[in-house]
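Same chain, two partners: chain A is paired with chain B first, then with chain C.
Then we have the complex of A and B:
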């Protein structure tokens, strides 16, 4: 690998870019409107004329992202901190048919996938999840080809965020370059001020929203001040902070360390963490067929499963939980930096919440950083 | 519970200080409320972190499977877990003499954190307080009191098998345990009620539950009795399972796992509590326990007794055989 190690200066810049950006560079559009909560439904109805809307909705026993039907339901955001399941599946579903095939005479006829994709908005997405799409975009467009299945949906999808007033106890976005009020990766963002929302356009693509919010008044200084206060208060609610500036280098020196035995000791090697992770993207491709034909499908895979790296010879380079746990951390906190110069984690804390044995990524990172410091 | 912890301290301390075991497996508090983690007590000073309560929700027997034969290990267990260890001993996976069992009589059972989460509509709680049977959960903008019986694991709610049947050390039962409700109910009450539903209703129930499955394998991997080196679901050659998340595949996985556990499952419900989707799968396993009880009069696994499906007796029920007149 030629560019194995980044130069110090480059690294500094990279980390400055990642560091807690409430206001990323591409944000030059001064459209900031005040939308009273009682007018919210008409904003939704306006957007629905041109876009399908994926919103946080009350479901059985929890709130989850789902398609909205504003003609039959009046919409307000339900109360939520962040959702147990990220909206990753709308662009990268657990199972996706790539194409189908059927027998025709002595040969085989291949049928391309026909998928009609409407313009859609993921509405009410939190800052961490919005950043996760940036990571997925990077991965699916890396190398020689970009992934048509992902981008056919991604290119039709806009993201309108809802800044996070109440981060959860497991959130650590500020340690991985995010912030509860970050607008990175979003096309527009809403700030909840209590009785009103501020609607702010962030990206160039987001200018399309101008016509839906034109009628509303511009923000004034009082609103902006309130927003700043909320941003500071939200940031203050994040309970865990760790300095990961040197994480790539730290991990470089710890591959053979015995910390991994300790970190992995309680791991059950299930895929719960990978499947709720908004940035985990590994997949497997399988044929589902019978005598007359079938289809080729792409399905989520996960690196914690023992067969993930099982080779045809029977050899398995990641035979135990130790290697697999190490892989998950290296992939997000070392290989990602090496390959794409970004971290592969957005600090949403879902893996911590979901783990049956309470294996806490924050604890693992602490062990890594502390061990590297001592060395 | 404090009484139990004190007794445990004494037992564990003697095991460690006299080097009778390499470590004792118990629980310590985790980083989240109601999420304790396995604690490996190797030194005396580790004992202070030991906890024992109604939310020690994993079956620690699972962690014994990774250890080599001949290694002496102590483990703190309730009876359903002791019975799962007995299955492993019966099936020659673990040597009885390697394990020092510290048996603890179970009081009410174990809290199912998935039930808590459902009753709180998925909201995060950061604090909880216990006051008798009332548990108060607090999070951002809410406070809710929930009764213990509403969040107990289902199998625990109907369990009558609370006293350790196999142990090296037995923790004394505190007085409060003796006050637990009169147990004049059928252990299989919930299965019997479920059996009254029509096949259509039962199918609808399992379909609704299993549709939530993401095939993450947390249930399988939390279960001490799922110890196959290569699970059928992971087999590539031949491939029994197409790995998609179609309902048919989810059903195939859960039904096959259930059948593999028939006559072996002891109802600890570690699988149900490990499920990140909160799927209620316990009825499937409990029904199989009831079937082995109804057919073979065996639903409790005893040390040295062969499993009902792994053995043959001349008087096994065989009503399917065609008899000559």
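Then we have the complex of A and C:
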């Protein structure tokens, strides 16, 4: 009985936490510091004493998120708008062992995965990607089963964002409830003012950062005014805006519409959109084995592939690109709203950038909204 | 952050041992596997949740996992039965197994047949081909001495292409002898060895189904059977809320995470596999 009550209390607290993150206005933590850029590296080194840091780093031909080794490198953010691949892999890896087993004579011995996960910070993610973790949190904890592999990492991870001064031409976060300067889902956020950063603590969990920034001066009115100007300017750079207030209802009425043939045209079912998407979470499960044992692995999967739903009998409920394209859009813009009251898209535009046939999710949404208006 | 409800890792199978393997049909691509839990604690955890109409994921270690409807009833307390068609990698390996082999099991998953709602009602149970598995679980449960009086008349329609395809012949024989079950076995076309009904499942259903008043229909079979049986039930006056169907989709995880078995906004693995016709009507179906 006592145990039960405790559980209930924890659950309530969880919900309250989420509420705070939903409405940054509700928060009581007014810790906003000014970090000069030439002091940034010492902030990083301070954090590194207690956390592993995942940061945007120069890689071969692009910038990607990776673990930082600040003992051997002085860190500054590289120039980037957003990264081609989302940072979801740090909590939901592309390949992940679920367990391994050993053969013992005719018997089997299962070995659960022992994973030591250090406290870590994903540092410098954009507002869209921060919101994507909220979506993954909601999904992986939904229903009767919470996903232990996702949460073993998530519970050890804090998120420090870097507000987006310079959205890309493919960005559409403001159409799906986000904004370039949104702090939703973050524990702390940095605003790049040119010579300085504002470091602002957002969540209750983020209060832990206070000790790393307390030596720095508080923000003043001039800094805050500059931040507001940058926020307005960033918003102004977003070139696409669509009103999706009725998207759930619109899609309810369009399932059998012939627009899906048009929307799916040119799709090669390559699934690049799913792999770069920060919220796509479907996976395949495969066994690998040799003489002495083996392991079970989950691997990112892709709903645009024809074998995704192919049954052993040969029957396939989503047999053509039309059904599969429709599934992807309904999953994010209708089923998510029905099941969790949130959209499953953060408007990062990665799927648009990566599509080899230049398909554009924004165009598809426009077709949906316009068709529904006409009907 | 959000750990709640099930505390065990739902991805880790329990170990079970194959105790018996029984061929079910003439062409020998259907076998029933009797599985015994290696550990009592795993068995207890499984049976705590187990209801007729649910499924489990069976692991051939190193090969993979398949979702299979549970053919035994929770009232058969010591073991689990799975009737498995030889189709893919996992099921081929299972068919080649010998007694005593260890396999993995996760589950039970899914909602199961709506037993609470069925209490006090007349039930018509309609199955075709080897999709009869979870209907066997249901029937064995309903006619158990502790349960039978909770339910009204029980009418069964079970159709196969030919006499050699019927599963659970021993059970069918026993059920045929009981006066508290109206058992109707039918085959598609005349056959020299067959003295029971001849005709497709929908046709026989039309003849033997009870009045829709205070009744429920439980249906499981190939898509073509379902397609023609639903209209017959509607013609007889069954409302969409009284008709329950068990669906199948390709599955991996069984716990609503891998993302492939959705029918509209619902996952067959956790929201189903049993849906009322009324629920299905509002779902957006591919």
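Definition applied: the second predicted complex is superposed on the first by the 350 of 375 C-alpha atoms of A that agree within 3 Å, B and C clash if a C-alpha of one lies under 4 Å from a C-alpha of the other, contacts with A are read in each partner's own complex, and residues count from 1 in each chain.
The rule is simple: a contact is a pair of C-beta atoms (placed from the backbone, for glycine too) under 8 Å apart; a residue touches a chain by one contact, two chains touch by 3 or more.
None of the values given here were measured: they were computed from a predicted structure.
Placing chain B and chain C on a common chain A by superposition gives a fit, with no clash between them. When the two structures are aligned on the shared chain, A:310 is found in touch with chain B and with chain C.
In the superposed model, A:151 makes contact with chain C only, not with chain B.
Taking chain B and chain C in turn and counting the residues of chain A each one touches, the greater count comes from C.
Using the contact criterion defined above for the overlaid structures, shared-chain residue A:94 touches chain B, although it does not reach chain C.
Residue contacts after overlaying the shared chain place A:338 against chain C, while chain B stays out of touching range. When the two structures are aligned on the shared chain, A:284 is found in touch with chain B and with chain C. Looking at the shared chain after the overlay, A:86 reaches neither chain B nor chain C. Of the two partner chains, chain B is the only one touched by A:354; chain C is not. When both complexes are overlaid on chain A, the residue A:62 reaches chain B alone and has no touch with chain C.
After superposing the two complexes on chain A, the closest approach between C-alpha atoms of chain B and chain C comes to 5 Å.
Comparing the two complexes, residues 284, 286, 288, 310 of chain A contact chain B in one case and chain C in the other. Of all the residues in chain C, the ones that touch chain A in their complex are 1-6, 9-13, 15, 59-66, 87-88, 91, 100-102, 104, 223, 248-250, 252-253, 255-262, 264-265, 270, 284, 286.
Partner chain C is touched in their complex by these residues of chain A: 7, 11, 14, 98-99, 101, 103, 106-108, 110, 112, 137, 139-149, 151, 154-155, 252, 255, 281-289, 293-294, 296, 298, 301, 303, 308-313, 315, 317-318, 323, 326-327, 330-331, 334-335, 338-339. Chain contact summary for the complex, chain B toward chain A: residues 30-32, 35-38, 40, 58, 62-63, 117-118, 121-124, 126, 140-141, 214-218, 220-222, 234, 236, 242-246, 273-274, 276, 278.
Considering their complex, residues 61-63, 79, 81, 83-84, 94-95, 166, 168-170, 265-266, 268-272, 274-276, 284, 286, 288, 297, 299-300, 302, 305-307, 310, 352-354, 356-360, 362-363 of chain A touch chain B.
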